[in-house]
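Across the two complexes that follow, subunit A remains constant while its partner is subunit B and subsequently subunit C.
Showing the complex of A and B:
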């Protein structure tokens, strides 16, 4: 491990580390545009200049291009280095328009930060600027090429990291242009990352265009709820509207990026004006007390007429861990059988088999996928069920891993060999082999864990699950020996259903009334329910979920609930009602409603939702990597 | 649309390359010779022939200054404006030619005969200043010899 000195601080870092990273490791920030931890170096922007005072290399050097060497003495504050950086910034700004006030990146712009930090406050250049014609890149991304500083981050991400072929860099010298051959939507399912990765405002989120500035954002560390991978995100809200979603770093899961589905489709249901906003009894608005009492009354009547076991409490794979943990208590007090965490019996059996069959030793994280040297994909359409897994597989392939697919042909942005069975995959001779499967393929994949290995580590498995919190649902289902709703109904004893953020197939509830639906989505089940209790969406509450690997992750409340100001009927303003909560804002997290029902049924109020083995998750850091539940 | 025999010829050229991409410049030059410049249609045709996307062809086409993505005259005059030729009077030659043709650098004469383009090093620094018309390189060009050259191309 080479030892060097940076700004008088002795640093010891691993061989191959760059001077820029070595400086970052001791909290010395060096300005940079083209260098990015996930993309590496390009040496294109010249803004990370430092001065080497002593050692094997001397003079002004680009810190992102220079690997650390023994006896280096580096200065980031040397006048010569600072003058160099200031000049580079001034030069990069020559063609950059003075349009920060109308640019969506303003306030969260790396170029803005480094221009000011570099001391280039006043323009000296008075000549004409290079200009470009922008392209229409589809509904999600706004293109403004005049702002470009040629760091090449976008094209390196799009082509190298994500394997896209319809976006690139054209021209040469002062005319380089980053775009497509012709106008048209970007084809890569990871195109939204251009917004995050561009150090200035060439690519901005069209869906949130001109809506808010960085310093006005409601933001919190959160977890994507679009699939079972649980990628880290930062939702951005303002005026009670979820504006956009930004990728958040989590080295164990999604690394730096997120998929377009997570970025561009998660906000729509949260902002949906048709969301349930007030408790309702038989379609009429009601207060929380009367709605809760009505449920208790109807449950009591059913119990009197039909005896214990006539109520089915139904959870779901999108309910947070806190809600799931309280459901068994409510079912006990309602003299019901264990809650149904699954509607479909087959799904319950397969998901439970996968979740109970996984252990800490064999469950592969997405980091394991990226580092694997042999990957077998068994009968699962990753692009549809877990898009970010595709990006992880591609990173492994870029590092030389062999990728094989069995069954369903998959369209991946990397070479992939179709084989008949897992026996045809050279797992036994690999160093770090991984099988990626769906729940239906888990049992077969599981057998390969005990495969005798020539010299590598045993086979690990990454099993894609049906929903964002399927792992928790399967754990609770298993722990309480719960059956599916399908099975419960076939017993003939169920006379009423209480659905907690559950989507109940209409054929299951055809003859059985849904007494109550607790939900934040405007679902068919909500429409069919006698009593509706509106819950907070994931962005409006704290919660915990467990991803497909078995990693418990905490998400924090981003915004206060309420009808988004944007889109409200102006005729309704100003409201003359006195109120302390915004319109449509009187929502409660599902677990609180469950708790309230427990109290009204004669139980005791819960002071802490996570008990027993879940206790360790109470103080889970939402900004950390999460915690594999195998360590509980 | 390119004629079938040309398509076949290009396919053979591509088949003899180690990778398709390696044949891209040859394919673009052939298409350019056929159309006069590399039209949008030609970019798409090149992409199809080479099994690349139009963007990947465009990246190459716009990088090379002798692939023309806009219509050009029958004779394209490339005048080197790199350091050696500039030091030896390339700028004067360029100005003279522009004056003779009555166009600015980058323009095409109204009769469609000439296009004047600056270019970056023709690898002929020892004989600077230098220029290229079509595929022919001319050495130690002066304002006078440039005028003669233009006349030769005008009235061959």
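Showing the complex of A and C:
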């Protein structure tokens, strides 16, 4: 571990670390544009100049290109280094437009920050600014090439990291252009990351353009709910509207990036003005008290007429851990069997088999995938079911891993050899082999964990699950020996269903006389229910979910619920209504409603949702890596 | 005067294969393959003191010695014929007159380094040179000097001519490698150096045409002989100097290294044109700081030229007379570099147009004192560019500010160019 001194601070970092990273490790920020932790060094922007005062290298050096060496003495504040950095900013500002007030990046722009920090204020270049023609890159990303500072991050991400082929760099000298050969939507399913990595406003999120400034954002660390991988995200909201989603770093899961599905499709249902926003009884709006009482009353009637076991409590694979944990208690108090966490019997069996078959030793994280040297993909369309896994597989392939597919052929942005069975994959001779499968392929994959290895670690498994919180659902289902709703209904005893954020197939609930639905989405179940209790969406509450690896992650409340101000009928102005809750905002987290029902059925109020073995998750750091539940 | 590379030259045409052979061509290859080990060939080149003729002047044999011997997989030799330095045309003259020395030199180099496959990276404009080379390679193949099992020695070697789309930056060896791989011609970060990780990740040596063409003569006549052909004891070998500008006889001459600048101009160049007085020259191509009359006696060899504040570079001497506006000349050169920037790093991509902008202002009589300070800042800060293009472009500007600051100030003070009517 080389020791060096940066700005009089002694630093000791691992071999191979750059001076820039070494400085960051002791909280000394060095300006940078082209360097990005996930993309590595490029040496293009030259703004990370530092002065080497002593040691093996002397003079002005680019800190992103220079690996640390013993006895280096670095100054980031030397006048020579600062003059160089100021020059770079001046050069970049020769052509960068002064359009910050009308630029969507304003306030969250690296160039803006460093221009101000670097002290360049007076323009000495008196010529005109270079201009480019912008391209239409599809419905999600706005292109404004005049703002480009040629850091090459976009093309390095798009082509090298994500394997995209329809976007690149053209031209030379001062005419370098980043775009497509012609206008057209970006083809990569990871194109949205251009917005995140562009240090200035060339690529901005078209879906949220001109809606808010950085300092007005409602933000919180959160977890994507679009698939079972549980990528870390930062949702951005303003005026009760979820505006956009930004990728958030989590080295154990998604690393730096997220997929376009997570980025661009999560906000619409949350913002939907027509989603359940008030309790309803038989289609009519009702107060919380009357709606809750109506459920209690109907449950009591059913119990009187049909006896115990006539109620089915239905959870789902998108319900948070807190809600799932309270359901069994409500079941008991309603004299019902264990809650149904799954509707479909096959899905329950397969998911439970996968989740109970996984252990901390064999469950592969996405970091494990990225570091694997042999990957077998068994019968799962990753691009459809877990897009970010594709990106992880590509990173492994870029580092030399062999990638093999069995069964369903998948279109991956890396070389992939199709083989007949897992026996044809050289798992036994690999150092860090991983099998990626769906729940249907888990049992087969599981047998390879005990494969005798020539010299490497035993095979690990990453099993893609059906929903964002399937892992928890399977755990509870297993713990309470629960059956699926399909099975429960086939017994003929079920007369009433309480669906908690559950998507019950209409044919399954067709003959059930009493249905109550707790949900924030407009589902078929909500449409069929006589009593509807609106719940908060994931962005409007704190909660916990467990991803496909078995990693419990906490998500925080980003915004207050309510109808987005954007789109409210202006005819109501001036408003004569004075209330404490915003319109459409009287929603409650599902677990709170369950708790309330428990109380009204004669039970005791819960003070903590996570008890017993879940207690450790109460104070899970939402900004951390999460916690594999195997460690509980 | 004895000639090395130009000894086979025929007036008005290129030498034929038979003529080259009859004058001792390919005997060096025969000797080397029969009597010398690969190490001996390399040692001869090291001992000869041959320094790279492409501009940087790095010892050729030493460059070869950086190639790791024990790495598995192929290693490569690339002959850099992307000659695009303004004022430099020696490789074209050489290849149009005689492509065989290069073919033989490449084969010898491949033998010394253990390369199976070499490439000649040649710029698009050099059509005749490319035709000559392809013909020479075919003839050498036919005669058994190339291809499988050369002269029964067990050593095999092939040469491919790659006509590049051509950019100035392709002369930078790592950008050249990228271009040869079909990528954008951006330079690569060093380390790793090409000798360790170059073309397709394999160890790669990139040598200039003239450097490689000298090898057969070093092998035939020995390193001591080669050294002795120079004009001074410190220098080694002959050098192609391509002279242009206000001299009577601008042409490419093969002259002993270390010959003083004045002697070159007064001798083979026939002196200055009628009515012209020597004002300045670029001693080694467009990226070298100017020499003035004060450097008239500097021996034209790598170290003495460097000591005098410039670089021998490619040996492309561009001579300016008293009527030349040095601001305009510098502007012309920097414009070339601004256009030829690959666009990778900020100082080069944005700094060079800034310099052009300032020089245009000064040349057009709209300059100010502050512009000189900004230009000096650029001379300093463009040295921090990613590769040597921008620092090279600052060579003439550095020379301008060192030797002709008065002329620059005159532009600013009088509000016009003093050399224009």
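Heads up, the rule we're going with is that the second predicted complex is superposed on the first by the 629 of 632 C-alpha atoms of A that agree within 3 Å, B and C clash if a C-alpha of one lies under 4 Å from a C-alpha of the other, contacts with A are read in each partner's own complex, and residues count from 1 in each chain.
Following the convention adopted for this analysis, a contact is a pair of C-beta atoms (placed from the backbone, for glycine too) under 8 Å apart; a residue touches a chain by one contact, two chains touch by 3 or more.
Predicted model, so just to flag it, every value in this text is computed and none were measured.
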Could you tell me whether subunit B and subunit C fit or clash when both sit on subunit A in the superposition? clash
Which partner does A:60 contact after superposing on A: first (subunit B), second (subunit C), both, neither? second
Could you let me know whether more residues of subunit A are touched by subunit B or by subunit C? C
For A:165, using the defined touch cut-off, is the partner it touches subunit B, subunit C, both, or neither? Pick first, second, both or neither. first
Does subunit B (first) or subunit C (second) touch A:84, or do both, or does neither? second
Would you sort A:150 into first (subunit B), second (subunit C), both or neither based on which partner it touches? second
Contacts for A:567 in the overlay, against subunit B (first) and subunit C (second): which applies, first, second, both or neither? neither
First, second, both or neither for A:124, with subunit B first and subunit C second: second
If we overlay the two complexes on their shared chain A, which of subunit B and subunit C does A:174 touch? Say first, second, both or neither. second
Considering only touches as defined above, state whether A:612 meets subunit B (first), subunit C (second), both or neither. neither
Listed stretches 8-16, 62-70, 80-88 or 152-160 of subunit C, narrowed to the one that overlaps subunit B: 80-88
So which bits of subunit A does subunit B touch that subunit C touches too? 169, 171-172, 175
Sites on subunit A touched by subunit B in the complex: 165-172, 175, 177, 180-182
The answer for subunit A against subunit C in the complex is residues 41, 43-47, 49, 60, 62, 65, 83-84, 87-88, 91-92, 94-95, 124-127, 149-150, 152, 169, 171-176
Spell out the residues on subunit C that touch subunit A in their complex, using ranges where they run on. 167, 169, 184, 189, 338-347, 349-351, 353-354, 357, 361, 370, 374, 377-378, 381, 384-386
Parts of subunit B lying in touch with subunit A, wherever the complex brings them together: 40, 43, 52-59, 62-63, 65
